[in-house]
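Paired with chain B in one complex and with chain C in the other, chain A is shared by the two complexes that follow.
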Partner chain A sequence: METIIILHIILVFMIIGSLITVEIRNMLSAVISVGAVGFALSLAFLFLDAPDIAITQVIVEILSLVILIRATIKVDNVAIEKREHILSDRTALIFVGMILVFAWFAFQSLPTFGEPSMRVSQYYLMNGLREVGATNFVTSVILDYRAYDTLGEAMVLFTSISGAFVILRRWKKEQDKDFLRIDREH
Partner chain B sequence: MDKHTGMTPIVKMITEVLCGLMLVFGAFIVLYGHITPGGGFPGGVMIALVYILITLAYGRVIVERKVSGIIASVVDDIGALIFWSVGMIGLFVGGSYLFNFLGKGSPFHILSAGTIIINNIAITLKVGMCLYAIFLALAILQRVVIDEPKEEEE
Partner chain C sequence: MTLYFLDFVLFAIGIYALVAKRHIVKKILGVAIMEYSVNLFLILIGFKKAGVAPILTKDMDLVTFIKTAVDPLPQALVLTSIVIGLGTLALMVSIAIRLYERYGTFDMHEINRLRG
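For the complex of A and B:
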């Protein structure tokens, strides 16, 4: 019961941090607010007894904060003062309302909080230590029972690094440099 | 030249003290991933953060002498190959892809749970070097975009 109260406090904190992130003008402050939301999320995972995901959340949050600060600290960004597109605001509101309505019907069929109805996870908990030998059941699921998924994630990472290298590679040829310079003048 | 790149001496000194500890903790999280919370992904990101910290504190030139972007991408590929070859050995030995062909061992020991520890190390190499290479690529892009107009002004 106390865990639920703590989780609600953390959720309210996360909503406030997200609103500050969207509304604040200074870019660095917005990035720091994103970091506060991420650390609150990792605290929520910790209170839900999921230390694996909490560790991953903290570490990835630090990495993304470093990259975001590095990317945004030198860039002059122009704040949008006027809001001319009223139609797009209305469209966004209509779609958010539709998502909320359908989510209300969809969430009716979900099990209540903290009571999993899955038989598969029960099987992992009962037989994981005997069949795999790992005392950390999360690892035994992601690297033994569901190793295909992990292989797929590794391939996704591989593809993304290939794409990043193709797009962000160092410009070596003189022709490319000239092309870049011409492109900047226009 | 080396003294004038990067951040202030305070940051450099703290980096020097912290880097070894961070590497040891990352290796702990990876090697004990099947016993305590952790695993290949958080440990790999932690090891990538060590190199990113050195890059931020000392500048890109010094860290590229140790581990350049090419070495990082090669280690990344080696990690993917280890994962793939574990799966293929499982296919030939046990009859199914990614079969856990090593012995189960006794619980709460490092050498238990068969192929999980090998896969954790493979994921560590993959994730760590991959994220470090992405950071290097972003730093290179920033130099191209921001620094080159200054050369034209001179």
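For the complex of A and C:
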């Protein structure tokens, strides 16, 4: 029972942090507060009996904070002053509220919290030790039963990182232009 | 049930940031918040009351372990999803940096106006 109360507190903290992220004017503060939300998420994973994911979440959160700060620190992080047309903000709010209402009805058909239906996982838990030999069952699912999924993950990761490199690469013409500009300035 | 709902409120905040904000980095942060919420939702579904982590230790026999361990399948899939989230975030941020170099602003409407 105590775990559930702690989880409520962590989730409320995450909601407050993400509200600050959305509404604050300074972009650097927004990035820092999304980092706070991510570390709270790692804490929630720890309370939900998922230590592997908690460790991964901490590492990924640090890396993504570094990337996001790189995006915001060199440019002017002044917030955009001009307001959106007031109608479009309200329309977005109305639609988000409608999504929440429909989600409330959808939650009634989910299994109740704390009693998962473990039809597939029962097999993994019963036979994992004999067939794979790993005592950590998350590892045995990742690296043996669903190894093709992990292969696909590596492929997606490679594709996205090489895409980022291609986008950030400086072309030869642009470099020449940069040199010209520097010459003119001096 | 309230935990599911609070988690979905987090998702709704992410959607709001994605739809209603003009700053590109804020849109990216909205996507990141949505991703957090979905990962947490999958783990919440696999949680078992008074359960243990799916790691077999020496002082535990297999029968009670099968009865009390939480679901290992969503944990394995979320582990994949977290790492993929880092890759997509890097891609989005690099596109945003390129847009800033080209147009000199992060404002979405300004970029739409300057195009062409």
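The definition used in the following text is that the second predicted complex is superposed on the first by the 166 of 186 C-alpha atoms of A that agree within 3 Å, B and C clash if a C-alpha of one lies under 4 Å from a C-alpha of the other, contacts with A are read in each partner's own complex, and residues count from 1 in each chain.
Everything below uses one rule, namely that a contact is a pair of C-beta atoms (placed from the backbone, for glycine too) under 8 Å apart; a residue touches a chain by one contact, two chains touch by 3 or more.
All values reported here derive from a predicted model rather than from experimental measurement.
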After the alignment on chain A, I want to confirm one thing: do chain B and chain C clash, or do they fit together? fit
Could you say whether A:Ser109 touches chain B, chain C, both of them, or neither, answering first, second, both or neither? neither
Give one of first, second, both or neither to describe whether A:Tyr148 is in contact with chain B, with chain C, with both, or with none. first
Go through the superposed model and pick first if A:Leu157 touches only chain B, second if only chain C, both, or neither. both
Could you tell me if A:Ile62 is touching chain B, chain C, both of them or neither one (first, second, both, neither)? first
Between chain B and chain C, more extensive residue contact with chain A: C
If you stack the two complexes on chain A, which partner ends up touching A:Ala92: first (chain B), second (chain C), both, or neither? second
Between chain B and chain C, whom does A:Val138 touch in the aligned arrangement: first, second, both, or neither? both
Chain B versus chain C - smallest C-alpha distance in the overlay, whole Å: 5
Could you give the residue numbers on chain A that contact chain B in one complex and chain C in the other? 51-52, 56, 60, 63, 67, 70-71, 129, 135-136, 138, 140, 142, 150, 157, 160-161, 164, 168
As the complex stands, chain A meets chain C at residues 4, 7-8, 11-12, 14-15, 18-19, 21-22, 27, 30-31, 34, 37-38, 41, 44-45, 48-53, 56-57, 60, 63-64, 67-68, 70-72, 75, 79-80, 84, 88-89, 92-93, 95-97, 99-100, 103-104, 107, 110-116, 118, 120-122, 124-126, 129, 135-138, 140-142, 146, 149-150, 153, 156-157, 159-161, 163-164, 167-168
Taking the touch rule as given, give the residues of chain B at its contact with chain A in the complex, in rising order. 29, 33-42, 45-46, 48-49, 52, 56, 73, 76, 79-80, 83-84, 87, 97-98, 100, 104-108, 112-116, 119-120, 123, 126-127, 130-131, 133-135, 137-142, 144, 146, 148-149, 152
Quick check on the complex: what are the chain A residues that touch chain B? 51-52, 54-56, 59-60, 62-63, 66-67, 70-71, 74, 129, 131-136, 138-140, 142-144, 147-148, 150-151, 154-155, 157-158, 160-161, 164-165, 168-171, 180-181, 184
Residue numbers of chain C touching chain A in their complex, please. 1-10, 12-17, 19-23, 25-26, 28-30, 32-33, 36, 39-40, 43-49, 51-57, 62, 65-66, 69-73, 75-80, 82-91, 93-98, 100, 106-107
